[in-house]
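Chain IDs A, B and C follow the sequence of writing; residue 1 opens each chain.
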């Protein structure tokens, strides 16, 4: 049978992977959860971030230092994408947003395929294989860092939305678009800002992810449905929900893989997703901003 | 009268194609166009008429493809019967997915996401199971003969695909002139109001998704016997779901001829891109993505919308 | 025709409708009035199956229809309209109405023919091919009515069909509603416009804060002190203050 000696490390492993999922989902919960922009390009934009960090590393910049470049770079990418493409093309209809972001993801992914080929690339850093002894398990250093970063990012986002003027404007737009327009809020600008901030989170996630993961044009596929699962599970627009949801999904995947074998392990995620949509569409903890 | 004449001429031309087009390449191209016209119509029934956007039609396509492959290879089922079983299997899977989604009132983006998730679950299962050949996939043994749905050239496949395309047009036409079609459009426009007028929205949506799944299943079965190979990535991957949904969106949602037109334009444009810019991987997909965004931005009614507008203008000019 | 007993519905802590009981006799026009937020639309939604009730019973034409789905109740012959009109925007007027006629006929051609007849009955004969989203407010109100009629109901629940109409349109609507009743359809309507209530309804029920507080003929209702206080009190008092303020200027 499975005893704790195997289960515990698997669970911890899952928690650290879950932190990565949470990092990716935090941006999406802002975009999808708060503003209901169904962003299918979320995974592709993560891929863009990963390639950015990859080439910066090749140019001699450590991935963790690359944060300073990639976070603003992806913010502007996201802002521009929402401002110039998604907002204009969707005519305000949910189904069109779905199609436009899908189109954007197809374009971004295949541009990467065209320019960078389908090769899977990894980077080599001195700390990639450094282990931290947590007593019950050895955990690679980059995962510990990612875990801590997920907590910090969730806190930063919460602060941004709950305590700043920009956050108030975003919440106003989310709640009552027409009303927000009437009191003089530039709704299109706020949409683009939210999208930019959500995408900037992917810049952070990419830099934290690269030392322990890989990059390829289709790497986004791994994350896009998982990110939606985390957002729906954690409750739309809830940052703490995304954090807990991400960890939960990571553990599920890890334990599922242990019990059912690697190939079926991922299925647990999708089954959770399906079950959540059916039975608890407001998420496990209820939606914060609805 | 005029329209009937045009359609008869179109059908005659389509029948004559293999005698005029001698190139295997172009026949193959037309087969792809027809195959995706069939599946585009399938998506159109659910997405265009009933307004329920699925991102996981691969679930039906793959199930049809595997049903045809497994039953033929494992049990020696006749491929023609296999196509019928593929339709049945696709319809059945659609019914299950539809029941679970619609029972719990999932609409809009939720419905799109859950269909995508179902397709992914099936992809993982197909990768894992043994009777599907796992990740290696399944090869259909070569044995040419009409009874075996295998032809020495492309012509035979072309006529089969043409037959299904005509069938799909007939289904679309019948739907547009039926009570179910009227009720589906009412659901698309306003579900509450439809319910208030006595429309059993749950049952109607189930019928739509089952019909859509069956037609897509046929497409999957045909794919298996045409390419003689299927694997989990082809069958259940997101690629086929996307290609299927692009077809009616480009052609015109909720129209009879939209999917056929959309499929022709989509694949024609993809081919053109390949000719102009070389055969690099992903190039045609970049084109598809741009086309999708441009269509939604500038022509939300699809090409059929454009056709109607032009015809309207032409008539006004003719009247004056 | 309709027998409602003890119908109750809570939304969270709010009691939207409490223990509502009323009777709508066959062949009559009965009105439900009350201030905004009194629970009138919720009561209609429960009767027509759109909102489940917490307790109570709805008996329609001698049969218990409590808890049935809206489409089932509609098929039995009880149909509602919406206060906020809900047209099938991109479909034409004829196609809109045909969704209703299709409840009784499967054949498309027959359904369209009947839809044409119904649309003409409510004075929309000249708008048959107009898309519903291109109609005026009055046009949409009529369309709402035409679609409901097309289901061949025995009881019609009308939720504020007069709202937003000008006096001429209102007179026309009153004539149409009366014509519907004379055609054998029982009418139960929510209405804010008292003039319409007075000229249409035989009996009036007054709902205030979720409770039915009075019942009677229109003329009697207007004299009951509790009604004046609860219902007219709000609206009239506000209007008088507004007029006074306007006059002072």
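Just so we're on the same page, a residue touches a chain if its C-beta (ideal position, glycine included) is under 8 Å from a C-beta of that chain, and two chains touch if they have at least 3 such contacts.
It should be emphasised that the depicted structure is a prediction, and the values quoted were computed from it without experimental measurement.
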Quick one: which pair of chains has the most contacts? A-B
If you average the C-alpha positions per chain, which one ends up nearest the average over all of them? B
What's the chain with its C-alpha centre farthest out from chain A? C
Separation of the C-alpha centres, chain B versus chain C, in whole Å, is 43
The distance between the C-alpha centres of chain A and chain C, rounded to whole Å, is 48
Please compute the C-alpha centroid of chain A, do the same for chain B, then give the distance between them in whole Å. 32
Within the complex, chain B is touched by chain A residues 36, 38, 85, 88-91, 94-96, 98-100, 102-107, 109-111, 113-114, 117-118, 217, 221, 225, 228-229, 232, 261, 263-264, 266-267, 270-271, 273-274, 277-279, 281
Chain C - residues contacting chain B, complex: 48, 50, 69-72, 74-75, 79-82, 86-91, 95, 98-100, 102-103, 105-108, 111, 147-148, 150-151
Footprint of chain A on chain B - complex, ascending: 53, 55, 100-101, 103-104, 106, 108-110, 112-114, 116-118, 120-121, 124-125, 127-128, 238, 242, 245, 249, 280-283, 285-286, 288-293, 296-297, 300
Interfacial residue positions of chain B with respect to chain C in the complex: 177-179, 182-183, 185-186, 189-190, 192-201
